[in-house]
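Quick one: structure below, then a few questions.
Here the chain labels run A, B, C, D and E in written order, and each chain numbers its own residues starting at 1.
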């Protein structure tokens, strides 16, 4: 097995893990579960992407992964912002632990 | 014999004017936005004047050279680059739309002035910026020779038109705007899908190149079906018309005039462009008959529903649904003529004239309805008494515009319908002629009802709710007169519409 | 069967899914999502075509790629405008539907020459 | 040398894949959102770190290497932040369906 | 090769499942999350299709900004969701299914019968690439061969922004758009929003800068910068400016206006509008891109932020 083939198999494996995780997460039942989807992509998706990219020697993939890493975090934050109730006292929520 | 867009690819004298016709309105919009407030209106009006001059210069260049006006952007020739091309059809639309836009601009000064004491107000600024945006996008639709640039033009037109619907911010109009936007977005995405397929099969998006390469095969049929369906949804042809009446009737008068008179002509013109210039060798008579059938249904349904409206603006909006129907009768007639080996020019000219005279008449009608509303405080058709004495010019304008919609001589509507009916008779498609006559009859009933109601004397002591500036009435009358006298186009020594359209190689003759 | 063809078929299916969602879902936000899925299907089809056009050392035909970028930005603008309309409607009335008398996408795309 | 680096890559990527497996098993098996969140943010970020580590020898020094490490740091930062925000939301019962 | 194909098939199935779930799920919020995930998956597809420029755009737009936009809307609309439960009847659904299936079948047929070899403009683009001075052919298409489209695209974004603003209430005209924020300057989010944006800005500018010669460019870079700005605002560390600010308006129109000015300068120097004189193509293209950057960053972020909702503090 050559290096690209190995990396591609690893990418496929990680992708299957991400897919399985997605199934669990999206079933809910709570929105907090579903919000983890972007997070799952922030790690698993990027890992698969990098493995794809290095396997096919596409250099630009690293830039794509960089963008994805930045914006998956952004999307996750947006999820959390969207989900917390606007009427609750927001200033308390991150301090009360 | 089908005619199609000239396929030359060198810049002609006057070609630069095409770039200006597209960019001047957008530059006006950008500068108006920076200044904001009342200055935006002044910038917009100055832009209207400049744009009108440019469009007239384009018409001059076309007639002078007797051939299409072409500009190769950046010197990059198609298929890699993009060419702007104005043939007779483009130029006629350019001029007509410029006239109507200028009329609307003058009319709107009274309705969309920035109130004194305020630095800037929402509705006026939005209106002036978007009026220019609509104009720039329409000019782009008329002169672009590239299917993707045309997609961008369609989206520009949609984004500029939708906020005009909801300008007054009532929830009803916001809902209409949203519904319109969803229809329009679906329409443009279907159009884009068709364009993508064409690129995938023929490797270009340039219209004259495609005309040469397109073959009658499944991919081309699918692209045609997708693009035309998308454009039908945007043009609001029956049965995809449901978004139109509430959207057009709910907007302020000047905005309704823009939407009903002009915006729908953009997607319709694109349908014409595609049908005759890209797919000339692909379209078949049955498919054209189907479009004609939808058009006929639109004429009958639109007119009957218009008859039953109790509010003037809704009546006018449904009449637009019907008039759009006539625009689509040109497809079976032209295709019928060319498959019989005859020249399809008669019906193409008829359809174009219908588009132009409707643009002028419908803008005049909506603006007249705006004046009626200002005078009476309502627009209930049952209660229009006293109008004829209060607003004689406006009522006359309404009647003239109505005459053009009905198709009374010597109006533009008359000439258009006469050309279409004669094409129907030549090709033995008499049923379209019957539909057109029935449509004219129905139209005459509601125009007549409205005019007669206005002639009734007012109640004792009735006073107009608010005075209407004379210049607004004059503009409305002028547009209505343009539409009414457009029939004089028959006296034109050269057939302007067919300049720059070469006889296509893709004839349908065996 | 190769990669581009596979994703081309995938694009065709996505367009079908999106169209169904756009017609059937009553909520405007779901319609907006449906529109976006159709849009991405169209883009994916264009991407397939771009990939098939790989030549002279380029991984794909650059013209469709550039147009795709334009298309994605335009689709985003459209979504933003639609969402703004939807939120304004919500502010006005609280209930967000597209009127009762007409579902906006009935009988959408009659192919005129089918 | 090349061989050694390749073997390092293979081991590291395999270890990373193992942690993704562990994370997914956690997601599937853990009973409530907080524990599942734990599985996701800890195991998957470790997995990503190992994959990145494994890929380092296969990429070009220095720009690509820095970018790869930056990617992992972003993921860690986002994981930590979002994990905590979500945990707060979950604890307040936010997002529970009515 | 077969391994790669297997991976592609798996990815395609995952995408389709994601799309189907997004459409079928009852809960709107779940659907939005599904759509964002779908957008992220799509990025993988673009990478598999070896179209990195598009992958970058999709990663930035599809996952980031569109996600934030839709999530914000879904969150605000939450309470009304229970009231809209009616679904169309069986007949409508059947017709819709038939229509969709027809479209899919027709398109599939077209896809399977695309001509071989595929028509392509790649050789033509490559032949002229030298005269544009840029190394990335996609940038050459965007800013030389079809620069008109790119200019119009920037104008599309601006017009959409005017449309969004026109939905403000009259009393807030000239005021500030607002995001739902967690205004806690000590919290974890604020910490995150202090750390990430400086690095994000570097990444955004980097993606923009390499666009001339490698995959990347102004749209992708601008999207990243816009997302970073929104993050800072969302964490309550900054506010959006009032839309009446003159500097804001000048920056918004500067991009297209500079583009037009340089375009018309080409008339004098190179004989055609949007042409570049020999040897000056690359600096001029860079100048246009640099001018478009602030326009796009502001316009994209403000599109997400929506209509003005409050007056600026006096």
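Methods note: a contact is a pair of C-beta atoms (placed from the backbone, for glycine too) under 8 Å apart; a residue touches a chain by one contact, two chains touch by 3 or more.
Values in this document were obtained by computation on a predicted structure and should not be read as measured data.
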Checklist entry - In the touch network of chains, how many steps separate chain A from chain E on the shortest route? => result 1
Next on the checklist: Consider the contact graph minus chain E; what connected groups of chains does it contain?
Outcome noted: A, D | B, C
Next on the checklist: Can you identify which chains form the pair with the largest number of contacting C-beta pairs?
Outcome noted: C-E
Checklist entry - Which chain's C-alpha centroid is most distant from that of chain D? => result B
Checklist entry - How big is the gap, in whole Å, between where the Cα atoms of chain C centre and where those of chain E centre? => result 14
Item to check | Chain centre separation (chain B, chain E; CA means) in Å | outcome: 31
Next on the checklist: For chain D versus chain E, what separation do you get between their C-alpha means, in angstrom?
Outcome noted: 27
Checklist entry - Measuring from the mean C-alpha position of chain A to the mean C-alpha position of chain B, what distance in angstrom results? => result 48
Checklist outcome for this item: Expected list for chain A, residues touching two or more other chains, is 28, 31, 35, 58-59, 63, 66, 70, 72-73, 77, 79-80, 83-84, 93-94
Checklist entry - So which bits of chain B are touching at least two other chains? => result 80, 148, 152, 155, 159, 162-163, 166, 169, 174, 193, 197, 199-200, 203
Checklist entry - Among the residues of chain E, which are close enough to touch at least two other chains? => result 4, 46, 48, 50, 52-53, 72, 74, 76, 107, 110, 114, 118-121, 125, 145-146, 149, 153, 156, 160, 163, 167, 169, 188-189, 192, 196, 203
Next on the checklist: I'd like to see which chains touch which, written out pair by pair.
Outcome noted: A-D, A-E, B-C, B-E, C-E, D-E
Checklist outcome for this item: Touching chain D in the complex, chain E uses residues 27, 82, 188-189, 191-192, 195-196, 199, 203
Checklist outcome for this item: In their shared complex, chain D is touched by residues of chain A numbered 3, 6-7, 10, 13-14, 17-18, 20-21, 24-25, 28-33, 35-36, 39-40, 42-44, 46-47, 50-51, 54, 59, 62-63, 65-66, 69-70, 72-73, 76-77, 79-80, 83-85, 88, 93-94, 96-97
Checklist outcome for this item: Residue set of chain E touching chain C in the complex reads 4-5, 8-9, 12, 15-16, 19-20, 22-23, 28, 31-32, 35, 38-39, 42, 45-46, 48-54, 57-58, 61-62, 65-66, 69-70, 72-74, 76-77, 80-81, 83-84, 86-88, 92-93, 95-97, 99-105, 107-108, 110-112, 114, 118-123, 125-126, 137-138, 140-142, 145-146, 149-150, 153, 156-157, 160-161, 163-164, 167, 169, 217, 219, 300, 303-304, 306-307
Checklist entry - Can you list the chain B residues touching chain E in their complex? => result 11, 16, 19, 23, 26-27, 29-31, 33-34, 36, 71-76, 79-82, 119-123, 126, 129-130, 133, 140, 148-149, 152-153, 155-156, 159-160, 162-163, 166-167, 169, 174, 193, 197, 199-204, 218-219, 222
Next on the checklist: For the complex, give me every residue of chain D touching chain A.
Outcome noted: 6, 9-10, 13-14, 16-17, 20-21, 23-24, 27-28, 33, 36-37, 40-41, 44-45, 47-48, 51-52, 55, 58-60, 64, 67-68, 70-71, 74-75, 77-79, 81-86, 88-90, 92, 94-97
